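Quick one: structure below, then a few questions.
Each chain gets a letter, A, B and C, in the order it is written, and its residues are counted from 1.
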């Protein structure tokens, strides 16, 4: 069965020339790639938190013969990333309106917040009050924090590269889709910080 | 088809209540499976071989096929419910014995041997029986299983299903033999180089003989009587043997390897790998690595006279 | 989009000349690069798919040879063909290679090759990621082969239980290589799965609504979702193992609050869906073959689809049936018995619908159908032995014995490999343009079928006679010698079958009968284009009119127009009903995915030896990623055209007018 032409004929066609070439959100492919990645990484976070609770059930004291993690830097980080949701949201809106100046400004602010978060994260490790090789508690706490750190660092670099591209160009229509979807990844990172923060910093105090 | 369902280590040759319950259930399972397989394959072959008719592509035929598929699914569900029920019923009593008068033995797994520890109220009466578990006939024996290194699995198919030995956890199971005999078991969880040679013997005896055995095991090692045996004991105490093996009643007290207090009366050596005979014992002592490569016992180069004396002493430890 | 723009239905004139011009332009645009650099730059799904399939079969042969060595060692009691150390490496690498480097990748590869063709699009989504995933997979496999050749292969079994695989009991790098190999294959499989989900949901030809998708495409969709939800767990647990072994974490150390059973829970939470990841695509292949050789659509399409989806879901709730002997609470175990039994129901529905399909049509007994018949005979038996294993009391006798070895070879070889080989015979004409020899194929089938049963059926009995698995030898007194010898002789037949298969493939590739577009008269879209397909897949993207895309095609069926053929434009459609939504541009071939895979692989291997691997890897990784993603004029030619060059971007409305004026 060949989809070939007969000599000098007309045939029925579905003409898609008028369709838009730039679409935002789940109508386009970038959203699906980003979402797929978020589902995968999200699954890993879920399992890691489940492991935390599984290990908690193995012992009587928690943390076992160690002090609770210090609250200051973790909470400061939490506040920082929650506030950073605003520039992420505005950057997304500017991108969807093809507002290049707006994108440049708010993406830059987002990157600044991201860098601040990474710096605070650096200090968090020192106030966890445990080492990864102390015991299983130390191991899972460092792992949870480490996994999240990898994502924050990656997104900061990601956003930084996009920021550079926003200045260097070329800013085609579809580049604005990239700017818009970038905020999605940032939402993901902030959203996951909340349960991970509660797990690391409050479970030892509540359980 | 060669059926050897009788004989050593066969799940379909039960000699105790647990294995019997499982075997009965197992026969039902296999019968149901064979029946289902034949029915499905018959339908399959008929579908392949039948002559096509004009009516095959009509909607009425589709409706009839839909109904038949529905019936097949319903039958499947019923059969599966039956299997699940049978399984739950056969599983009752798997975990702890209902009978009274249970004895408790600790099963401690090592790479690549078993230690069966019999506890008693008097601490001095505790003894261990490496690789050989003696139980009284008709009495449930509760087993508390643990491991000192990696995961092993205790399995004596003629008597019971397996139970894993997991470091950091104590797992529980029980065993009971209804007929006297010697039943072979084997480690059933890959545990390293010599997993293949980690067998055990379960010796089921009438209660009076069992208690006689227990009393004997409690006694310290017999003193050497002949000159050769005395020399052998000296060889033992002065060679690397004492770094791993203990003999109650002597100065040898290391628990790294199996205890040798009554090794002469055991059925096998090296966790069921060798019969307990003089020649095999000699080969094991001199170069166990050639028999069970990778095991923890190093080769021992001994002068021939020393070896003969040592053999005499060790074999005297009845 | 607030206002949805609809495509326009009209009539258009075609001539032979305009068709020829289109053909040449598409071939130019979608070119496959040549030369050495070009070979590593390819991002075409058919080329990458073929490479994946060939590589996977390479691993299959290597792992098969290892199995042959195992059977030689076990043929007689107290054998000295290989010692325990080598035997333990052999059985570990056999299982690991078969599961991680053959079975999952080859099924994903069939999807990578066939899905874009079956749904009527020009390439897989994220084509550079597709290329990257292949190289990462290849390097991971090469690493494992290297360990085997250097006598430093993992030797703790394909599921690597702790504490045996932990730092205390397996010193050295062996288990580290195993854990890191997981990372390689998992990255590749996850990447391909995201591509498949995106491709299937977003790039189907117009008119191919979800309920008109071929069953094979459904099976790949379900599989891709299973990979996305299952593989993260094995990433995590193998990472824990690697961390325990390299930097002193205590995840699995009971002395410091860790747990040996945690490994088993995590591994099997992945491990059970893993076998369905291998098996579900094979179900799709069986459907494709049965419909083609009965010239009927498969009976009960909605039930078949729901069975695939149900299998995918239920498969996540079974994992503890691998742990029945560990002493977990009884009530919990009963739940897993029930779930493990329930999953037989959707599989049973599929079997019954296939029987109904065979009932109606007149089967034509070519080689692909023979392999499907072999699948029935073998897989049904394996499924039944699986149901017996779901019963806790019975399992406590046969767990970790040769009965289980028999079971999983029946379901994996019978349930997945037989359909796969049948699929190769079936799609070989499409992939290469030549038919495989049918007579040799029939001999091939009988060698495999008889060889398989002679090898593996006795193992059921051996397990019931108390033979544990993973033992390098056994004593003469156990009476296991005869059946082991029979099994080893059966393996010889399997080897002969394998040799014949390879011979048939090579010979047919060179001298086989030239194949037409649709030699089998099958119903799905891949058969609507030439054999092998042109690099752009279809001259015109078809508009699909029914479930059997080719059998339901009217003479005046519509095709898509309005997509440019001088740039790599691809139509995106709606998830549910494949209504056209937008047109996107796919990137050109590029060497950067390959280079990025090289750096990534070096980082993975290096990190086994030193934590410095991470900081050392980051700069080159950044360079390759920038090279990969940096926008080049070539890559987004159409967009670059529309870009005014002064920092401003024409709004979408003006672009549309420009496009229409040009058309």
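Just so we're on the same page, a residue touches a chain if its C-beta (ideal position, glycine included) is under 8 Å from a C-beta of that chain, and two chains touch if they have at least 3 such contacts.
Source: prediction; values computed, not measured.
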Exercise. Among line, ring, star, complete and other, which best matches the way these chains touch?
Worked result: line
Exercise. Which chain has its C-alpha centroid at the greatest distance from the C-alpha centroid of subunit C?
Worked result: B
Exercise. Using the mean of all protein Cα atoms as the middle point, what chain has its own Cα mean nearest that point?
Worked result: C
Exercise. Per the centroid of Cα atoms for each chain, what is the distance between subunit A and subunit B, given in Å?
Worked result: 52
Exercise. What is the distance in Å between the mean C-alpha positions of subunit A and subunit C?
Worked result: 29
For this session: Give, as an integer number of Å, the spacing between the C-alpha centres of subunit C and subunit B.
Result: 40
For this session: Send over the residues of subunit C in touch with two or more other chains.
Result: 259
For this session: Could you check subunit B for residues that touch two or more other chains and list them?
Result: none
For this session: Provide the residue numbers of subunit B that touch subunit C in the complex, in ascending order.
Result: 1-5, 7-12, 19, 21-22, 25-26, 29-30, 33, 36-37, 40-41, 43-44, 47-48, 50, 52, 56-57, 61-62, 65-66, 68-69, 72-73, 76-77, 80, 83-84, 86-88, 90-91, 94-95, 111, 145, 149-151, 153, 155, 157, 160-164, 166-169, 171-173, 184, 186-196, 273, 293-294
Problem set entry | Partner subunit C, residues of subunit A touching it in the complex | 1-23, 26-29, 32-33, 36-37, 39-41, 43-44, 47-48, 51, 54-55, 58-59, 64, 98, 100, 132-140, 142-143, 157, 161, 165, 169-176
Seminar exercise, completed: In the complex, subunit C touches subunit A at residues 1, 5, 7-16, 18-19, 125-126, 129, 190, 193-194, 197-198, 201-202, 206, 228-229, 231-233, 235-236, 239-240, 243-244, 247-251, 253, 256-259, 262, 265-266, 269, 517-518, 527-529, 538-540, 542-543, 550, 553, 556-563, 571-572, 575, 580-585, 622, 626, 629, 631, 636, 638-640, 642-643, 645, 647-652, 655-656, 659-660, 663
Seminar exercise, completed: Within the complex, subunit B is touched by subunit C residues 83-85, 88, 156-157, 161, 163-164, 168-169, 254-255, 259-261, 296, 299-300, 303, 325-327, 330, 334, 337-338, 341-342, 344-345, 348-349, 351-353, 355-356, 358-363, 373, 376-377, 380-381, 384-385, 387-388, 390-401, 461, 464-475, 477-479, 482-483
